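The structure is given below, and queries will be raised subsequently.
Letters A, B, C, D and E mark the chains as written, and numbering starts fresh at 1 in each.
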Amino acid sequence: MRRKEANSHKRRRMSNRNLSDKYFYVGEHETVTGIRLTQYNETTIHTREIKTTDTFNKLVDTNYMNWFQVSGLTDAEAITRIVQDFGLHNLDAKDILTPQHVVKIEEYESRLLIILNSCYYDANTEIRTEHISILVAGDTVITFTESSNPVFEATYKALESNMLSIRKKGSGLLLAFLLNTIIANIVESVTKVEEMLEDIEETLLDIKNSQENMGSLIQQRRHEYMIIRKNSQPLKEQFSKLLRSENGIISSDILPVYNDLADQLSFIIQSSESCREIISSLVDLYISNNDLRMNAIMKRLTIVSTLFIPLTFLVGVWGMNFKFMPELDWRYGYIIAWSIMVICGVITWLYMKKKDWY
Amino acid sequence: MRRKEANSHKRRRMSNRNLSDKYFYVGEHETVTGIRLTQYNETTIHTREIKTTDTFNKLVDTNYMNWFQVSGLTDAEAITRIVQDFGLHNLDAKDILTPQHVVKIEEYESRLLIILNSCYYDANTEIRTEHISILVAGDTVITFTESSNPVFEATYKALESNMLSIRKKGSGLLLAFLLNTIIANIVESVTKVEEMLEDIEETLLDIKNSQENMGSLIQQRRHEYMIIRKNSQPLKEQFSKLLRSENGIISSDILPVYNDLADQLSFIIQSSESCREIISSLVDLYISNNDLRMNAIMKRLTIVSTLFIPLTFLVGVWGMNFKFMPELDWRYGYIIAWSIMVICGVITWLYMKKKDWY
Amino acid sequence: MRRKEANSHKRRRMSNRNLSDKYFYVGEHETVTGIRLTQYNETTIHTREIKTTDTFNKLVDTNYMNWFQVSGLTDAEAITRIVQDFGLHNLDAKDILTPQHVVKIEEYESRLLIILNSCYYDANTEIRTEHISILVAGDTVITFTESSNPVFEATYKALESNMLSIRKKGSGLLLAFLLNTIIANIVESVTKVEEMLEDIEETLLDIKNSQENMGSLIQQRRHEYMIIRKNSQPLKEQFSKLLRSENGIISSDILPVYNDLADQLSFIIQSSESCREIISSLVDLYISNNDLRMNAIMKRLTIVSTLFIPLTFLVGVWGMNFKFMPELDWRYGYIIAWSIMVICGVITWLYMKKKDWY
Amino acid sequence: MRRKEANSHKRRRMSNRNLSDKYFYVGEHETVTGIRLTQYNETTIHTREIKTTDTFNKLVDTNYMNWFQVSGLTDAEAITRIVQDFGLHNLDAKDILTPQHVVKIEEYESRLLIILNSCYYDANTEIRTEHISILVAGDTVITFTESSNPVFEATYKALESNMLSIRKKGSGLLLAFLLNTIIANIVESVTKVEEMLEDIEETLLDIKNSQENMGSLIQQRRHEYMIIRKNSQPLKEQFSKLLRSENGIISSDILPVYNDLADQLSFIIQSSESCREIISSLVDLYISNNDLRMNAIMKRLTIVSTLFIPLTFLVGVWGMNFKFMPELDWRYGYIIAWSIMVICGVITWLYMKKKDWY
Amino acid sequence: MRRKEANSHKRRRMSNRNLSDKYFYVGEHETVTGIRLTQYNETTIHTREIKTTDTFNKLVDTNYMNWFQVSGLTDAEAITRIVQDFGLHNLDAKDILTPQHVVKIEEYESRLLIILNSCYYDANTEIRTEHISILVAGDTVITFTESSNPVFEATYKALESNMLSIRKKGSGLLLAFLLNTIIANIVESVTKVEEMLEDIEETLLDIKNSQENMGSLIQQRRHEYMIIRKNSQPLKEQFSKLLRSENGIISSDILPVYNDLADQLSFIIQSSESCREIISSLVDLYISNNDLRMNAIMKRLTIVSTLFIPLTFLVGVWGMNFKFMPELDWRYGYIIAWSIMVICGVITWLYMKKKDWY
């Protein structure tokens, strides 16, 4: 059901394909665009909702760090205007509005645009992705999220408690906190996939466990692994751009934080590589388990058949209606017959035990 | 039928193999060569059909941007002449005339030759490729298409409505619009393949669905995926040439448009990579489904056999014609026999339930 | 038979392994070495057979381009002498005489040695390879072929008709024509393999087709694909050496011809990559077809067994010889028995139709 | 059991995900943090336990080499303090405290931080990993281990016996001894995996051997191989940083020791690559063994059925109750019947011997 | 047996793991160390056995080229001394004494140390590897072999006959001859594996051939291929070091010989790559052959069952003991029964012929 729905949305995918003066949001969330502006410096921090019709760069107060949180992308017009207000091209608005857009980190003079996707498991342990864009222009940071999920709640709390003296540092550290939240979500997702795969492995390793729908389960995990890899691999590749960047956003004193993010990305890549291998080995295991089960079924059929088919032949012989079948008239014929059959059965049984019953 | 026909054409493939003074069109389209010249500047735009016998570089008016649309490649002689008129080598005409030619982007001094293939799904959802060449020489752009399909209709409309001020900019933006049309077609194709693969996956995930010809369906999708990858992979590789090019065709103000095209190509590559993995996992799933089905069939056979073969033996025993079989004469012999058989059956059933009937 | 023979030759493979003063031809062709010298300039062209005992560099006429065609490598002594006459090392003669030698393009000062293998399908559509070496030293070109097959006939005809003014240009264009012939052969081979693979695919896609020896056929195609790839892959890798070469053999006016050759090599690589994928998917298809067929067989067996085994049990029951079996004496007992059996059969049938007969 | 437990620990994995002022140990060992300081120079060596509340850089005596051995990471606060005392960032303490952290070798001015995992087989031949960190700052070396396992016992003994004049050389040689111990453990592990795989291969190669749980065994080995590869691959990649390092820790006279370590890492990579291939070939072998076994089972069933089903039909014929069945009344009818059946059986047998009994 | 023995040796593998002042030979050969010194110049050549207790660098006569042939590595002390006499590190002796050491080519100032493994098939066509080390120091060449196998006999003969004027040239050409011998052995091995694989392929391609232990055979070949690849791949990678070396050992006039060696290594790599693909295709073929055989077995079972099970039912019907079964009393009942059964059989047969008997 849920899946179907997701599909119907998906079919609208990449409809921002043609060059145009104007682009639309083509994702599945219907959240109304809301903008929250947080301004802080070493001493103060205050937050307020602003209207989508404001002129955004006028709201910037240079005595503060300014963080615009745009949640909901339905108001494409406003988003295009923000992007233009901070000196970016129309086409960058298109990237922000297109959830299927590839991960990219782009630098324009003193501006930095990061387009990526976060992955997380929702309450029903279904994987979800959210298209997130971050624009850094001097002391202003703008985050764009598709929904009103509180993804950056942790960052806001860090600002309030002035963790790591974040309020003393520039936009670089704020960016680091934002990225850390997103990357931590992906780390959590990949760890969850790995754990679920290990659970499947445990089930498959003991062939006596019911393996009813293991095939579909493996497939589902593979699906999730692919979503994670698709969103993290290019991020890892692009991340070095950030480290090499010379626009002053990432100063040397906050470099360790970025190195830590790079390590977390390496962890994701290694884990997802690990997932890939585990999945491929689970498929092998699953297939060979099916084969073993088949072998067991056939063995049983063969045993029953080998045991009874010759005996049934024998009783058929003595059920024939020939006039002259001397053994039929013997006093102990019936007992002898039974004896022969039992002996036959036992011999077959022993023979099978010796040869087949490995 | 259609396929057969396609094959017969294919057999003529690459017959422009030998070096020669003269090359022929070796594709399957039989469209008669027609040329349409569109001339525009900021204020005017007019279009007319021209004859294939004209001297093409004489038609160029330097007050305008000149766009020659050559549709149909059957008149190889005219095409060779155009190519030479704009200062390219004879062998470039060969590339334009050879639909099997590899994708390439070549730069000669101030000229740019792009040879590529567009992919799209036709009305019968069969994938089609069209060999397209674009030659840019200063203010002149020449497009060569195999058929008279209106591939560049969207671009013409953009010219008419002067979208993104295209008529003010040079040949670089026109080229971007042309490439965008082609790349958008490929994006659409790859998205369609991915969707069709997900439909197959949905069918395969529930083993109760009929999976009659899933094997062939997967194979067909793989075929289409391969066509798309074959045409997009090298385009992606060559595209960076365009971005690094220093011939002034791509000025810095239209660079964002080209970056956007590069992003779309990345999207295609990532999606087709994704397709590759999905296909490989579908094959695994399909094979293991077949195994499961086989297991189910054999289980049924085994159950029926295990249940009835011993019973048939028993009735055979009591059908024997021995003179002295006391139980045959018992008053309740028949009922006892039935009881024994029922008990046998039930025990076997319970045994199977406990052991096999996982 | 043919294969066996080929094998026995193969067993002599690489016997030029030890360093030595003298090497021998270790291939399978027994063609007696013949040498044809073609001399041409813009106005004249003449050809004659020369003796293997001549001093070759004395025969060179600097007023002409000189093309030595050496066919048959059995006279190893003469070939070693030619190589030395034109200033190469003894070990180069070894490479020319060793058909199993790896593809290589080597440049020595103003000399160029190309060692490669051509692939073609013979009249029996069996793939054949021919070891070909080309030595270019200034205005002299020497070709070495294992057999007297007229591989370079097309080039000779091009010389006669002075195609592309070949007789006005230096050895670079002659070399291009020679390479073009060889590469065109490989293009043709790879295209043929691809076509044959598509024929196999068409057969496999409809499971109703006889698939008697498809397994062997796929294997054979794979074999051929591997031969082509083995000979083209390293050629592609080495070819760039030629383009970057600065020895003046490849002048800028004939560069387009070499670019065209590079494109053809790219085409080969792409096609052979494509073959690799098709083969792997055909193997999947073939295996899953076998499984489907197996499933069909087992289904039939299961149906027959499930239908008749219970009925046979029933008739066995009424064939028992108990004294007191009331139903045997009933007037309509026999008809009732038949009715029961028919009903049993029909129910089983319907049950199977509902459950198994997917 | 053990596995379950390991899992429950694993679920706490990477909980140091958020940026913070303070990090915790998130591994599964509960060893209380103990610190041993070994100080040595050419003439003396003495060792003592120190308190976790000391100021560590005050304990450093510049007349000696100082080696702090920290075992047990539960006292995260102390570890953070050590790291800061020797001039590293807070986030480096996080890496030391996070057993799931990726392998890394990082250089900061004159400091060197190495984060890696050792692999070894415990007494129950279960693979174990231990997160080990080494910090080198001038003449001070600090090792961090999760447990109090005597991993560096060998190094301590080498110090005591002044092997390779280790006490004359700087921290570079001490580091080499430490790394050598760790790498030797991994070498031993990979060698053990390879041996166990060869044992499995030997079992699988003779199909007569019991192959009861070979599938699970292969899977288990694959698991271990993946752990080793995951921990050694990135170490190998990072190791070159050490060799290229210019901070004076690795002086030219101890370079051969580091080259030897690099060789051992190459050995590990080659062996683990080898394991990968063996595993994949064992899976093939295992699957085809299952198929062979299945074939054998089915062959037996087919033989028994083919032999007896026609005979059972025959005796059924003569068990029919038709009034007029002349053969039933013949004197030798019964013997003739037996003869016919024996002949039938023998012919079937011979036929099968000729055709099936390959 | 042989295998077992090899294994027990293997278990001592890499026991030179710890850093130490002293290393031991850890291979399986027990050959007593013998040293043969060959001294030659353009005019003379003489050979003598020398004692392992000599001071080796004192034996060097600068008027001659000096070639020490050390066979048997059991006297680790002597070998360590040689290595030190010629100015190498203790750890290089360890590499020479460790047969499991990775292939490496190392250059130290004017010294060159080559550690590699030769592969060859012994008389029982079992693959063997021999650990060989070559040390070149100016005019002195020292070869270390594990056994007293006459591996370098050919080189000695070349010296005696002064082939390619080897006695006039320096140590570079001697080294080339030595390497050529080793590489030629590997070429021969890889060629043999490829031939054996083609023999297996020929057997598998005709399904009528007995394929008794093809699975194990393929596995064995795969094992051998892996040994060859493991020893040749890194040699190929390291070989370029030799060609780029600038220590004067490889002078430009003997460069062609080294290029030829590089070509042979390329040949090995290409062939082993080819082996890899053949093996993977043989596994496919083997598995699908097993499937085909299974299909054939099941088809036979199905035919027999489908033919006789309904007939057995019929005769069971007429064997029932109902009082009123009119057909039993008919004059021609028995004949009619037979007719019905024959007709049933024939119809079933024809039906199967039409549908199943593909």
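Keep in mind that, in the parts below, a contact is a pair of C-beta atoms (placed from the backbone, for glycine too) under 8 Å apart; a residue touches a chain by one contact, two chains touch by 3 or more.
Just so you know, these numbers come straight off a predicted model, no measurement behind them.
Engineer: Common contacts of chain A and chain D?
Structural biologist: Touches both chain A and chain D: nothing.
Engineer: On a C-alpha centroid basis, what's the spacing between chain A and chain E, in Å?
Structural biologist: Centre-to-centre distance between chain A and chain E: 42 Å.
Engineer: Centroid from C-alpha atoms only, then distance chain B to chain C, rounded to Å. What do you get?
Structural biologist: Here chain B and chain C have centroids separated by 26 Å.
Engineer: What positions in chain C touch 2 or more of the other chains?
Structural biologist: In chain C, the residues touching two or more other chains are 287, 291, 294, 298, 301, 305, 309, 312, 316, 319-321, 325.
Engineer: Going round the ring from chain C and on to chain E first, in what order do the chains come?
Structural biologist: Read from chain C toward chain E, the cyclic arrangement is C, E, D, A, B.
Engineer: Provide the residue numbers of chain E that touch chain D in the complex, in ascending order.
Structural biologist: Against chain D, the touching part of chain E is residues 3, 7, 10-11, 13-14, 17-21, 89-92, 94-95, 100-102, 104, 106, 210, 215-216, 219, 222, 226, 230, 234, 283, 286-287, 290-291, 293-294, 297-298, 300-301, 304-305, 308-309, 311-312, 315-316, 318-321, 325, 327-334, 337.
Engineer: What part of chain C is in contact with chain B in the complex they form?
Structural biologist: Within the complex, chain C touches chain B at residues 154, 158, 163-164, 176-177, 180-181, 184, 187-188, 191, 195, 198, 201-202, 205-207, 256-257, 259-260, 263-264, 266-267, 270, 274, 277-278, 281, 284-285, 287-289, 291-292, 294-295, 298-299, 301-302, 305-306, 309-310, 312-313, 316-317, 319-325, 356, 358.
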